[in-house]
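Each structure below appears as structure tokens.
You will see chain A twice below: alongside chain B first, and alongside chain C after that.
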Partner chain A sequence: MKWHWSKRVLALVVVLLFVGIAGDAAFSQEKVIKIGTLFPLTGPVALAGQRCKAAVETAVEVINNSYPDIKVPLAAQEGILGGYKIVLVHADHQGKPDIGKTEAERLFDQEGVYAIIGSYNSAVTKPASLVAERRKKLFMCGCSSSAELTKRGMKYFFRMAPTDETESQEFVTFVKWLNETKGADLKTFGVIYENTEFGKHAAEEAKKAIEAAGFQYVADVAFNPGATNLNSEVQMLKGKNPDVVFGACLGADYILWVRTMKQLAWLPKVCLNYCSGYQDPIIAQQLGPDGDYFMGTTGYSPELAELMPAVAPVEEIYKTKIDPPVPFDSDSIQEAVATFVLAQAIDKAGTLDPDKVAETLYANEWESPLSLGGKVAFAPGGQNIKAMSVVTQLKDGEYRRVFPPELANSDPIFPIPSWDKR
Partner chain B sequence: MTLFLQIALDGILNGMLYAIVALGLTLIWGVMDVINFAHGEFLMIAMYVSYWLGFLMNIDPLVSWVASSVFVFLLAFVTYKLMVSHLVGKPALSALLATFGLSMFLKNLCLNRFSPNFKLLPVTVLSGKTIPVGSLILSLPQLVIAVFSLAVIFIVYRFIASTRMGWAIQATAMDKEAAELMGIDTEKIYGLVFGLGGACVGIAGGLLPTYMPVHPEVGSLFGLIAFICVAMGGFGSITGSLFASLLVGLVEAFAGFYIAPIFKYVAVFALYLVIVMLKPKGLFGW
Partner chain C sequence: MRHRQSGFGLGCTIFGILAILPLIPGPLQGPFAKHVLVMVLLFASMSQAWNLLGGYCGQVSFGHSVFFGIGAYGAGMAVVKYGLTPWPGALLGAIIASIVSLVISYPCFRLKGHYFAIATFAIVEIFNRLFMVWYWVGGALGLDYPIIEEGWRNFMWYETKTPYYYGAFALFVLVFSTARWIERHRIGYYMRAVRDGQEAAESLGVNSPQVKLTAMAISAFLAALCGAFFVQYNLRVDPPMVMSLDMSMRFVLITILGGLGTLWGPLLGAAVLIPLQEYTRAIWGGLGGGVDLIIFGLLIIVIVIRQPRGLMGFVSWVVGHRARARGRG
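Let's turn to the complex of A and B:
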């Protein structure tokens, strides 16, 4: 007897449902914690996003497996919470806040992730972390630097990196130190920044810090990321000719900015960069000698390895996950720190209840050998109050530590030699 | 005054870059009534060709632009044969949607093959070089692109105005059926024009890696600005697109400096809106 087609469809649906339910049951018995990552894997800052993703994957590999020789928390054991393994679900926000918000919703509602780690761009972290907060889920932020993010009084949001507020103060302190100890006579300041959450807040914090220190803020230059040229922007800087420029330019825009300054034959005496294209070792390599003498804050670079000996073996694993194999940079390492701290908190809380884990995160000081400060501890709002960075200067492809003096391995070179005298 | 002239110079140099990108687009529209939405991606492909020739074989963009141009000519020709030829004469939206699909395909193909990472040739013959002219500074890479742009526009203009093939192109643009009755192979003309449009943008893309990093998204804004230049100049008018490109470059430079850099594209798009409202067929449209 032939089956009617509708019976066949019904049978197929029943079989599929059974397979699905059985699959789910098997998956739930595997003791896994699904964690989402949300980074710009395509778009103009994709290079940074891919490295952040690889850093989280590295941390998860160390957490899930036993690496007794690696001196970071949880490395010696396999998994957390009595054998739970972390499984990552990756999402790409392309550097766009709207996509970031939608992807965060998808990760929580459809993929069922326990927490999200991300999102590199502050502009994306802001709406994506709100998605987590509304669902009472944890959002671990490695390197988004907008100070605003941790001033929202959120309960489930935690950020590892220093903010643009602390970086601005560090820059101004450094310039004062140059004036006092090296007779630099630097008085006027300008800021060039992308017109995004990250750039605008960096500029606001810069202006506050510069004016509070009694310096003159003479040039405020915002630009649209991904522009076809930056001629007007550099002309404006050149017209105002500040002694010091603070830069908040990411990825390809940083390259275009440096190249345009060369084309228009202009440079400030000192140029300090927030967490941006400056810290990217691939960009440093691509710019070659043109990238020399610029400065910026650095939470990690291979030149800081002697201060952070635990990084090297973790970095070896990281290099296997990224093409081309490059060392950690200031940003990506913070995403690994975020992953380790979350895993430690779950392990210590002894539960997957997000409220309990959030309370545990606030209540403890966490060992963090991958952080320059060595520790992580959170203030209300979720800012890591132990976050530290040093001022470095790029020379011959190396990030030389120039400030503070007790951590320096080189004297700063200033003023930046003009383009025709290199 | 020096600053004013320097800004005008920057605007003209950028305008000339837009002009060579827009030239291909206006040619294709003028002859075939087809808007090539993948034009920006053709630019991006040309940049990759130039970059890889520089990276792998140490060939400077000053030489590799020839290869970029030929490669994109062939790519455009194949695109015409495989896709666009089936859409000529159909509603304009069909070709627009098809070339939009092509732009997505090319962008994602490059994402897949070359990764989203931006790539820059560290050293080229032109990179970072400048020529001082009195108190003004001429950026050599931008100047070379502007000279190429002028030369290509002149050659294409003369080719269309003064050669038998050019007359055949004009005849095809005016009345396809009448041109066919006169013995013109319009299919060949269409293929040639689509390829020529690609070759023009290929020259620009071949030279751009002298100062601009290459990544799969790099062509998007160029494609959009080229479209605006073509619409403002009048679809199909080479003179119009040149004039509009220079206008866009100047507005961008002056608005960027005298209002705010963040305002430069706002000013360009505002100008576009005003012009298409006052003259819907563009400044030189008919």
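Let's turn to the complex of A and C:
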């Protein structure tokens, strides 16, 4: 009997389906804690999602095995809670909130995961964490930055990274410091942002912080993510000519924005970026010298390694899990922190009861050598109040620390040299 | 007459089976299986709403996500902005979607064939951008539902899927019954006449602009009701979730795969595509790299190559084959 090719394809699918189910059944016999990860593994920010997933895998490898030379909590022992190993179940939300919610439900109800770590996009984290909250299950959020997430009064939601609210305040503090100590005389501000949950929220927080500090907010420029042309947006900025611009432009949009400013021969005196394309070392490499002198907040970059010596050996494991091998970035390292902190809390609580683990998370201050501040502690609502970032400035492809002064290794260069004087 | 009664019997049988499906013990009792069933009924209803215009009337629209989105925002605004139940918002959203569809399609129906389809592409982009910067409806931040009381009054449940299933079933019965009524009614014959040859239909006295506008208004109304259900199910709405070409393509793809211009084609299309989409993502999505999407795409290609007339074509072939076999016997 000769099979038609379409029947062969269908047979292959059926076989793969059974392989998937059989693989799942194998876990059920061991002493394991299943943890779900929920990241955008496909779609417009797939690269960031893949890095976040690799960061969680790295943390789990350190937790499950004995690494006495790595100076992070739980590294020296094997597993947690008297021999429990963590097993990850990965899910892809494609950057879509409805799929994020469905996948969170599936992870809890079908896969039986104990907690979820995710989910990069704030717009997805919102509905997905609501699913966890209703089920009284833990949701550990590494890097979603919308301040709104930790203002919902949730009991089972914990976020590691600084928010766009704290970043906005840090930017304004930095500008005041420039005015007071360097005589910068910066008065007018503008914001350029992608018109999404992330960008819009960042712009709202920026406006609040700028106006609260008594500065003038003169330009509010939104653009659609994935734009092929930002000429009119940059023309608007150029027309208002603010002294300082805050940027919330992800990935390729950041490259386009910087190149359009070069094309239109305009620059603000100071340019500060939220956690966005600025922090991506690959993008910095692609921009080359054009990316120099821009600034932004950074929770981690290889240049900060001297402040965080425990990161290096963990980063070596991380590099084996991502192709091409790249160091941690500000976002992905927060997902590793979320995994370590959850494991520490389970271990300390001595139980898998989510209520007890949540209480333990709130009641303690956690050692976190992968965090810039070295500690993690949570306020009601789940925000990590020890979250810290430094203001860096890109120069010759390196992120130089410029603020706060006690962590700085370089003086900020401002105003940004004009394009024809570089 | 016998044909009409047998069609009625088939419809009642399908409705009956769907009504008792969640009560049957077994694999369909799991929450994920119920989610898949809810999605099948919702997407079958959405696609049937599109089929009224695109299948029966021959006007291929890629703009139906706009009407779907208006319905979603109707319910969302009622709950999030005004603290009401979603019901008045859903109804108002459906009425507004109908009016918007008439305003949009009146000039667009002067365009024929591909030009009409291209115009509807543009409409999706316009509405998407408009809602992204319209802060009264939440703009890019969208509308997030607060945690409020569960139940039929608020049409909202957090953990159980069974009431959502019956909500989707009610919507399905409404949309498919409307489609069946139209199919057998004078307007249905006019719609098919316009699809098969507008000039010929007009020469026989069919007022084709009126027929097309009627089909559009009914189609938009039903699509908006589906949108209202969608937002109540996801408890969040933002423009990319509902008003996107991606969403519009789902309306079209399911109908074409199931069988364009047929009553049960959208159900068949949804019953095959949605479980494929959901289960391939559940099993392979975590691998990353879009393996699930590749497999999903491959399976669609296999189905389309095997049966270009859609799954209803396959059903007709099976029924015809059996009839021929009986004839020989």
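Quick note on the criterion: the second predicted complex is superposed on the first by the 393 of 422 C-alpha atoms of A that agree within 3 Å, B and C clash if a C-alpha of one lies under 4 Å from a C-alpha of the other, contacts with A are read in each partner's own complex, and residues count from 1 in each chain.
FYI, contacts are C-beta pairs under 8 Å (C-beta built on N, C-alpha and C of every residue); 3 or more make two chains touch, one makes a residue touch a chain.
Since we're looking at a predicted model, the values are computed, not measured.
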{"item": "Contacts of A:Leu41 with chain B and chain C, given as first, second, both or neither", "value": "both"}
{"item": "First, second, both or neither for A:Gln50, with chain B first and chain C second", "value": "both"}
{"item": "Which superposed partner A:Pro97 touches (first chain B, second chain C, both, neither)", "value": "second"}
{"item": "Which superposed partner A:Lys262 touches (first chain B, second chain C, both, neither)", "value": "first"}
{"item": "Chain B versus chain C as contact partner of A:Asp290, first or second or both or neither", "value": "first"}
{"item": "First (chain B), second (chain C), both or neither touched by A:Asn195", "value": "both"}
{"item": "Chain B versus chain C as contact partner of A:Asn224, first or second or both or neither", "value": "both"}
{"item": "Partner chain in contact with A:Val89 - chain B first, chain C second, else both or neither", "value": "second"}
{"item": "Footprint overlap on chain A, comparing chain B with chain C", "value": "41-42, 46, 50, 195, 222, 224"}
{"item": "Complex contacts: residues of chain A adjacent to chain B", "value": "41-44, 46-47, 50, 195, 221-224, 226-233, 235-236, 239, 251-252, 255-256, 259-260, 262-265, 282, 285-288, 290, 323, 419"}
{"item": "Contacting residues of chain B [partner chain A, same complex]", "value": "3, 6-7, 10, 14, 17, 111, 115-120, 122-123, 127-128, 130, 137, 139, 141-142, 211-213, 215-218, 220-222, 225, 252-253, 255-257, 260-262, 264-265"}
{"item": "Chain C partner contacts - residues on chain A that touch it in the complex", "value": "6, 9-10, 13, 16-17, 20, 37, 41-42, 46, 49-50, 53, 89-92, 96-99, 101-103, 105-106, 109-110, 123, 126-127, 130, 134-135, 195-197, 199-201, 222, 224"}
{"item": "Residue ranges of chain C in contact with chain A within the complex", "value": "30-32, 35, 129, 132-133, 139-142, 144, 147, 158-159, 230, 234-236, 238, 240-241, 278-279, 281-290, 292-293, 295, 298-299, 302, 305-306"}
